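Here come two complexes built around chain A, the first alongside chain B, the second alongside chain C.
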Partner chain A sequence: MKKQLAFFVDAKRCIGCFTCAMACKNQYQTEQGVAWRQVYPLKEDIYPHHERAFYSLACNHCEKPVCLEACPVEAYYKREKDGVVVHEQEKCIGCGNCIRSCPYGAPHYNPVEKRAEKCSLCWQRLDAGLKPACVQSCPVNALQLIDLATFGETNAVQYPPGYPKMEKLNPSTRFRQAELPKIQRREDI
Partner chain B sequence: MKPSMELPLVFFTLLSQTAIGLTLLSGLRRWRMAGADATAGADDPDRRLWLAAAGMLALGLVLSLFHLGHPLESVTALKHLSTSWLSREALAFGLLTALLAVTALKGLPAALVRLSAVFGLAALFIQGMTYAPPSFPAVNNGLPFALFLLSALVLGAGAASWFAPQEAKPALARVLTVALCVALAVHLLAPSIWLTGGTVTRMTALAYLRSPLYWAHIVIGLAAPLIVVLRTKTIPSWLPWALMLGALCGRIVFYLETVHTAANLGGLY
Partner chain C sequence: MSGWDKHKVEKVLACGLSRRNFLKGLALGGAAALAPCLMLRAREAGANQSFEQGYQVFRNACPRNCYDTCSIKSYVKDGVVRFVEGAPESTFTNGGLCVKGNSYVRYAYSPDRIKYPMLQEGRGTGKWRRISWDEAMDRIAKKVLELKKQDGSLLGLALTKYSGNFGITNYGVEGLMSSLGYTTRLVGTPCWPAGIDAQNYDLGNMWCNDPEDMDKSRYIIVWGGNPAWCSVHSMKYIYAAQDAGAKVVVIDPVFTQTAAKADEYLQVAAGGDGALALGMCRHVLDKEMYDKQWVAANSVGFEEFADYLRKNVTVEWAAKISGVPAGRIAAIAEEFAQARPATIWIGYGMQRHTNGGAMVRSIDALVAMTGNVGKIGGGARYGHLQTWGFNYNAMIRKPPEGSKGFVGASGPKGEFDFAGGAKAPTYTDRPLNINKTAQEILDAKDPAIRMLWVSCKNVLSQDFDRMKLLEAFKKLEMVVVVDSFFNQTVEQADIVLPVTSLFEEWTVNVSYWHYWLSLNEQAVKPLFESKSNIEIAAALSARMNALEPGSCTYPTEIDTKEWMEKEFNKKIYDLFGIQSWEELRKGPVKAKMPQAAWSDLKFATPSKKYEFKSELCAKNGNNALPIFVEGRKPYDKLRVLTPHSKFSLHSQFQNLDWMMDFNPEPVVYINPAAASERSIKDGDLVKVFNKTGEVRLKAKLTANVPADTLLVYEAWFRGLGFNCQNLVDDTSSDMGKFKTGAPGVAIHDQFADIARA
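Up next is the complex of A and B:
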């Protein structure tokens, strides 16, 4: 398998602190209301507990990105060397077709530039030998950068509940599912 | 993704579908008429119809530019024909506009009329595929094409009554009756079927059924016109406006209320 960089979202560790989302926003100074990374609390029909669990999601850098296929101006490309899906904003005409087409809501409309934009997996930082800003900022190591070609985590899943199953796109993000909350019984204390 | 009315696209799709419906029905009538191979004179009402259809398509294309962040760069939208349905749509409707104008100016030669009809259907299919991405599970299928084809027939039959000679009006009324019956059934059945689907599909169904605009489309654009046509056996000159108003409500609902999968991330899909 070719090198494919991806996010590993460890929902067992994630505490929903939004540091990853804030680090991304700080890095790129995105416009008000535009967040390339979002932290989604799992709804009660999936995680019916008093404690909450979260997925931190951005672009999934899919194997067959629908944004790339749908873009009429070829503003997207997938890097051969690491599988990162890059959006060239200067080519974008702001038609919104990628925004409508991505089932994960990764591309966003920048109301100032009047063009789409999305997570770039910090490819400039990667090329400089650094981790993506979100990964570097996570205080509990719940968000990690992995290479699917060498990734060996046996508990990882591609389509956990709460994340649309889109097999044609083959999103690269992998998850470790949230565990049941620990119940402290009287006899344990 | 924040849902939006996308009014430029609402007008583009409605105008382009009306134009295709007009030319499809006119082409069909000319094909059935004796001596259909004859070209039309300058004052032939059919020729005015085709010019009006080309004008509607051109107007729709211009209006569609207003949904772009950078309309002046719109010509680059033709770059990705290999995979982008939007690129294909832009090309198909640009070519169709030119084809309709040439067909009208050449006096409606039979070969060009037939070519326009086939090309119009192909353009509708491409338009349907543009609005069927995987992110909208309720319409990630052939439904957009079916809805657009029905819109073309309903709006086209309505608008054609303004141009058609008196003897052609009963046939147009029959076409409109059948198209309205099918459209009414499809528009009522679709949300009912969505209610049996996945979570996001069910959310779409509920959003439609709770929308006053959805019911305005059903009543103003489909049910009431059907009753009028059934009772009068003709198409009154005001009826196409009611059809257009209803279709406008329905198309706004299509853009505004079809639920995107990203709307329920963290919940069941």
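Up next is the complex of A and C:
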């Protein structure tokens, strides 16, 4: 398999602290209301406790990116060397096709630039030998950078409950699911 | 500073740092652009360039009231901070900040920042007008001199300051007051005083192990704390212990994020923690699982404690009070006693009760009797101040000749009172209880409190019984607030003075949890007209001395870098193994201390042993033994808990627009059972009300809170009237006066009802 960089979202370790999402804003100084990474609490039918398990999601850097296909001006390209899906904002005309097409909501509309933008997997940082800002900032190593060509985590899943199953796109993100502690509730009430 | 271009910076900062300007700045900066719209191909072409090229890198430290006190690297270009990172040199910070720390660039360049000294025509009116520093200082200085003339002392001037900025030179705020004369001080701490006293009675000091040793624990109980939100960098050590086979238990009234990551969660009735700990102690005693050798060699009063347990405590009794079934109490007690080393992290939440100090002592006793004190991976962890031995040059200042002050039993002190040992003057400052700020201002006489100086504190977001506070503020003739944002206290100020952010001043920071020391460099010049606290002190001193020579002893010119240097001494250098503070420019350093506190088992108590029985505790009005003390009786239908949010540090950060991207509004969490009794549905607008006041906000239904409890996270939301202190009265906790000058406050012993609004 060719090299394909991706995020590993370890919901077992994730504490939903939003550090990753804010680290992204810190690195790119995105506009208010624009967050390339978002931390989603799982619905209670997936994890029974409200706001206690999360998926931290950004662009999935799909094998077959629908954003790239939908873009009329070739503002997207997928890097040969590592599979990162790059959006070139200076080419973008702000038509919104990518935003409407992506089932994962990865591209966002920047109301100031009047163009789309999305997670770049910090390719400039990668090229400089650094981890993506979100990965580096995660205090519990719950968000990791992996290469699908060599990734060997046996418990990992591609489509955990609640995450859209889009086989045609073949999203690169992998997950480990959250676990439950033994719970002893009060007996005096 | 090289690369400093005033014109360029002013342009960029004209209206805060918008992204457009940020991009422009990058374009000006040239090669190492990382924003997506610019020169991406050029960057690819120059892939061999260092990512850091083109940036000046500075060392900063997060000065907030937080366990983690992160070491920060700030990347500056054209005199503007572009982004921040955690310092990789600190194994604790480990290259990453938290959601709050990552918002610091927005904090500094927020369009909401207070830019100039301003005067409000009528408190609460919002009719602000810009004034010059000269005018501000003139108005303040004249008021101070008027007070002195009319009252014969400066006791009519009160200072309230706490934990908004723990940079050591910010103790210059206290220094300013001292250099004016003897003033009134709101002393004590709303945070952790009951537990501090408890640990002082038991161990002789509050001194926790290095948190980085938790990976060596075989059993960890996190009791009444939520590190997954409040100390995110500690979680990796807890996980490491878990990965190595340790069991992690969380004991909390709320199913917290930390609880969700534990192996076992015990939901405890708030305020019943002491009974639970004593029940565990009794079981360990009965099973003879306590460390007889350790207890015999290193403690006093164990037999009397054991006698108390046998006569007064049973596991069944503990189950009834704590709500934890007897079977689980016995099982957890046995597991804890058998695991070596085992540790308990005692959170600050569980001591914010009328019986909080007693509860901490009961938990300490469990850790001690199982022989876990003084061991790596063990310990009753609470906090420490072992690394805080600075000079406090900014703080320790002499009053002007002939100053008159307060004559009383003791002057003010606090847990951060480092002036100890100085020659006692005839006069002292007048101490008032910070946890009863409203009542103390209302009651103070001879002279009355007429003027209030506020810095590093958001009184009207954080102090208790807010209705009474607003009443008390009416008594004040002048309120001066030093802050960066127009918060709820600034709303009630006459004059606001803009203070620098961490990027704009030199100082130095340590933690009350981990063992690291961080330099805080001035990365950029002060924005707009802001000044650091010590520069404000100098400015006021200059005006005071111009109006009345000799009326203020504070220097009138201050270089914040020189003053940062003045805080260091040989002991600090030796403790951290450095020759000069300059070495900190290469990164933070860690104290050369044993990982385990009390490893030599020489305790700082009067007996030099661990004191299950503390005569000092009895002398100070509590019990000698760590016995059960009943909690506060409910005064309304449901308990209200108002703990820390992950999105804010008290009233800081939540106000930023970036934080609103992730947490847009306050909510009250309510158990579905309690909600259904009141026909409240998820998302309904509700009011929570009690004898103190009310708040209106949205309800979220969750079984994370028990059916008898409401949960509202404390925070200041910009533009919203929300304030959880409307529901919190100023009832004291049982301990705190011994070491911090005033008892703590029973923040979590509050009660209320809820209805659809």
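Everything below uses one rule, namely that the second predicted complex is superposed on the first by the 181 of 189 C-alpha atoms of A that agree within 3 Å, B and C clash if a C-alpha of one lies under 4 Å from a C-alpha of the other, contacts with A are read in each partner's own complex, and residues count from 1 in each chain.
The criterion applied here is as follows: a residue touches a chain if its C-beta (ideal position, glycine included) is under 8 Å from a C-beta of that chain, and two chains touch if they have at least 3 such contacts.
Treat the numbers as computed from the prediction; the structure is a model and nothing was measured.
Q: With both complexes superposed on chain A, which partner does A:Val112 reach: first (chain B), second (chain C), both or neither?
A: second
Q: Where does A:Gln177 make contact in the superposed view: on chain B (first), on chain C (second), on both, or on neither?
A: neither
Q: Quick check on the superposed pair: does A:Ile93 touch chain B, chain C, both, or neither? Answer first, second, both or neither.
A: The first partner, chain B, only.
Q: By the touch definition at the top of the document, which applies to A:Pro103: first (chain B), second (chain C), both, or neither?
A: In the superposition, A:Pro103 touches chain B alone.
Q: Taking the superposition as given, does A:Cys71 touch the first partner, chain B, the second, chain C, both, or neither?
A: The answer is first: A:Cys71 touches chain B but not chain C.
Q: So, A:Asn60: does it touch chain B (first), chain C (second), both, or neither?
A: A:Asn60 sits against neither chain B nor chain C.
Q: Which partner does A:Gly162 contact after superposing on A: first (chain B), second (chain C), both, neither?
A: first
Q: Quick one: is A:Glu31 in contact with chain B, with chain C, with both, or with neither? Answer first, second, both or neither.
A: A:Glu31 sits against chain C, while chain B stays out of touch.
Q: Look at the residues of chain A and decide whether chain B or chain C touches more of them.
A: Looking at chain B versus chain C, the one contacting more residues of chain A is C.
Q: May I ask you to decide whether A:Glu187 touches chain B, chain C, both, or neither, giving the answer as first, second, both or neither?
A: A:Glu187: touches chain C, not chain B.
Q: Determine where on chain A the residues touched by chain B overlap those touched by chain C, and list them.
A: Common interface on chain A, chain B vs chain C: 38, 113, 115.
Q: Under the touch definition given earlier, write down the residues of chain A that touch chain C in their complex.
A: For this pair, the touching residues of chain A are 13, 15-19, 21-23, 25-35, 38-39, 49-53, 86-90, 110, 112-113, 115, 117, 120, 124-125, 127-130, 133, 136-141, 178, 180-189.
Q: Provide the residue numbers of chain B that touch chain A in the complex, in ascending order.
A: Those residues of chain B that touch chain A are 1, 67-71, 73-74, 76-80, 83-87, 90, 130, 133-136, 200, 260-269.
Q: For a test of understanding, state which residues of chain A touch chain B in their complex under the given definition.
A: The contact residues of chain A facing chain B are 38, 40-43, 45-46, 54-55, 57, 66, 68-74, 91-97, 99-105, 109, 113-115, 161-166, 168-169.
Q: Which residues of chain C touch chain A in the complex?
A: So the residues of chain C touching chain A come out as 17-20, 22, 34-38, 40, 43-44, 47, 49-52, 82-86, 94-100, 102-106, 228-229, 232-233, 235-236, 239, 250, 255, 257-269, 319-325, 328, 646-647, 657-658, 660-662, 700-704, 706-708.
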